[in-house]
Amino acid sequence: MSTAKDTWRKRPFIANPLLRYGLYAAIVVYVVTTFATLPIDWDRIAQGLSRAGRIFGGAFPPSFQRSELLIDGFLESLKIAILATVGGIILSIPIAFMAARNIVPLPVFYVGRAIIIIARSFHPVIVAIIFVKAVGFGPFAGILTLIVYSIGFVAKLLAERIEEIDPGPVEAMKAAGAPFLSTLIYAVFPQIMQRQIGLGIYQLDSNLRASAVVGIVGAGGIGATLANAFGRYDYDFALAITMVIVGVILISEAVSGAIRKRIA
Amino acid sequence: MEQVQLHDWARYTPVQRFQRYGLFALTALVVAWALGSVNIIWAWVWDAPTQMGDLFSRMVPPDPTHLDQILSALWETVNLATIATALAVVLALPVAYIAAQNTTPNALTLWLGRFILVSSRSVNTIIWALLFVAIFGPGVVAGIVAIMFRSIGFLGKLLGEAIEEIDPKPVEALKACGASHFKVVLYAIVPQVMPTFFAVAILRWDINLRESTVLGLVGAGGIGMILQGAIDTFNWQEVSTVLLAIIALVVAGEIVSSYLRRRIL
Amino acid sequence: MLKITSLVKRYGAGDPVLKDLDLEVPGEEVVSVIGSSGAGKSTLLRCINRLVEPTSGKIFLNGTDFTRLGKRELRVGRRRIGMVFQSFNLVDRLTVMENVQSGRLGYISTWAALSRRYPKEDIRRAFELMERVGIAHYANKRADELSGGERQRVGVIRALMQQPEILLADEPTASLDPKTSEQIMTLLRDLARELKLPVIINIHNVNEAKEFSDRIVGMRYGRIIFDGLPQALTKDAMNEIYAGVPHEDRKLEGAAA
């Protein structure tokens, strides 16, 4: 005769049954209503598969005939990425300091943080469109866009790094009576330099990818070439461009990874 | 008394100094090349601040007349991102499974898994969107599929890495019990990967929310379509309303996702 | 009854890890396998349930030749062999009950495994065993919240849930402190008696081996060079096991007898 229990249930993740079943119900309701109300054109989807066939048929083999256009587009993207990275890093340094709680007074900190948040909230494509409207089509808009994009990323991480530095050297410099700028250069910069360089290289890679995309809305670079190809139904050229973009991204990722590993 | 040898002190050895200057010179050269050859009309550059100020003045104050349309488009954007992320999560699981060295059945599946992940990751969401708008026509379907395709690569890579990092000992133990392959995965691998799974899924949802806002600019549904419409009609005040709505959405998304992350992990 | 004949395990082109090994474990007895690191103890144990694939030789468990089993039959066969590990090998994030029930994964349906709705019989048996070893109140706790000794007890129960015909323990106490170590060894011995189970234990601690086992097997360089009662384990025998060279290999080594 056994007095041992013979039932056991695993404790569910959400203990409260009301909450649990309520959540299940909410999910079911959500899925059903969304699919019902989402404007899905089922006929178009069915047609889509045959269209896809035609597009892929037209895309193979990829056409490199207009390769000078391709190379021009790629080089322009490269220049945009380089200039945006340099400009972005140069601007990120003061902004990062402004957003570091341990360096600047509180009101300046809020301003610095706000700048970074605004820079991050908008997708680079949106920023690109605005700049295109402001300064016209072409790579200049792309450069400005990616500078903002870079600031959003580099300044944020740099600010976090600055907030994590060892306060010892800073204290020592202040005790020795060093002025603010000298303290920065001797006590803070060396601690953040390595991170800075790593971020710079990562951002160059990132900007190269992004430059392909902002071009689609007219901000220059290979993205513009791609959008044109799509618009003119030159799918074989579009495939060639996409292959080049993917290839460049892969090479860039590998190179930047290797460099960052070496300096780590 | 001994003569103390006084040396010159320098921060870097001559070789290092040469390397540093060399690197600096190289970078300067590259930047100069880019600056010199890029296709910019410098007159416009100097004009830029004025132009931007002008644009900005035309964008204030924000115009709320079509707020109801904007909000419903915003809701559509949220749904787009959520459904696409959910579908991508489901599809990424098998891909991650075959792309992980310790769980893939054979070398061919490993290569296939890695290939799928790399292709998916290297093509930007917007480029996928261009393709799918061409295939499925303008609308949310193109957007959902585009986000799915891009997300599978992101999720699959991180999940695959999580799978490769599991402790193999429970796997060995359950094999010794005579459990089938599926049950070994279910009991020894899935629990170890769970935390990463949720963290990555929530992270990607947050990113996709951001990406969905711009898909409409290439015709793939969501609030981007309203934005494009406002820009094309030079309705700058409506543009700023839409931009404010987008900021609100992105911030809300960040709040929700960091709340979920804290609760689950 | 376990019968191993002419077992050889070779990795690559070097010296085999197990050289032409014969071993018979007739019935309910606790056998301790001792030897220095690299003697092949772990490999021997893992060959029995084919976690390591033997190069040649035969392994019979109650009439079944494990070396000839195909994949599916091997899985069924492994249910009959319970294994306890040095690092416990539990699934840390799952509860104790789930870990214990994972010993039944070879028997229960996929749905039961997925939904954690285990058969009543299995749950009853699990609670009985857990009460027997004193961890029944931990049933809902995550495995990584338990101490080392408690975790090993979970490991032992998991193996017993398979209702195995033999229990293999690979250095079950190596990660435990001396007191807990004794508790686990006592548990293994007592369970072996109660359930009439043959138990093979790899162990470093010779004193524990002598105290808790019915028979001692000493290995050196992949061969069994001692097989007898614990009382018969003299100091000379110990030296042979831990520092000597097996008779068959001496001609090759050219070492003095």
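Every chain is named by a letter (A, B and C) in the order it is written, and numbering of its residues begins at 1.
Rule of thumb we're sticking to: a residue touches a chain if its C-beta (ideal position, glycine included) is under 8 Å from a C-beta of that chain, and two chains touch if they have at least 3 such contacts.
Computed from a prediction, not measured in an experiment: that's the story for all the values here.
If you sketch which chains touch which, every chain touches every other chain without exception. The greater number of contacting C-beta pairs, out of the two interfaces B-C and A-C, is seen for B-C. Rounded to whole angstrom, the centroid-to-centroid distance between subunit A and subunit B, based on C-alpha atoms, equals 6 Å.
Put simply, the C-alpha centre of subunit B and that of subunit C have 49 angstrom between them. Between subunit A and subunit C the centroid-to-centroid distance comes to 53 Å (mean Cα coordinates, whole Å).
Contact of a single residue of subunit C with at least two other chains is seen at positions 98. Chain contacts: subunit B has no residue touching two or more partner chains.
Across the interface of their complex, subunit C is touched by residues 2, 4-11 of subunit A. For subunit C in complex with subunit A, the touching residues are 95, 97-98, 116-118, 120-121, 123-128, 131, 139-140.
Taken in their complex, subunit B has these residues touching subunit A: 30-31, 33-35, 37-41, 44-45, 47-48, 51-52, 54-55, 76, 79, 82-83, 118-119, 122-124, 126-127, 130-131, 134-137, 139-141, 210-211, 213-214, 217-218, 221, 227, 231, 243, 246-247, 250-251. Touching subunit B in their complex are the following residues of subunit A: 34, 38-41, 44-45, 48-49, 51-52, 55, 76, 78-80, 82-83, 86, 118, 121-123, 125-126, 129-131, 133-136, 138-140, 143-144, 209, 212-213, 216-217, 220, 226-227, 230, 242, 245-246, 249-250.
Those residues of subunit B lying in contact with subunit C across their complex are 167, 169-170, 172-180, 182-184, 186-188, 191-192, 194.
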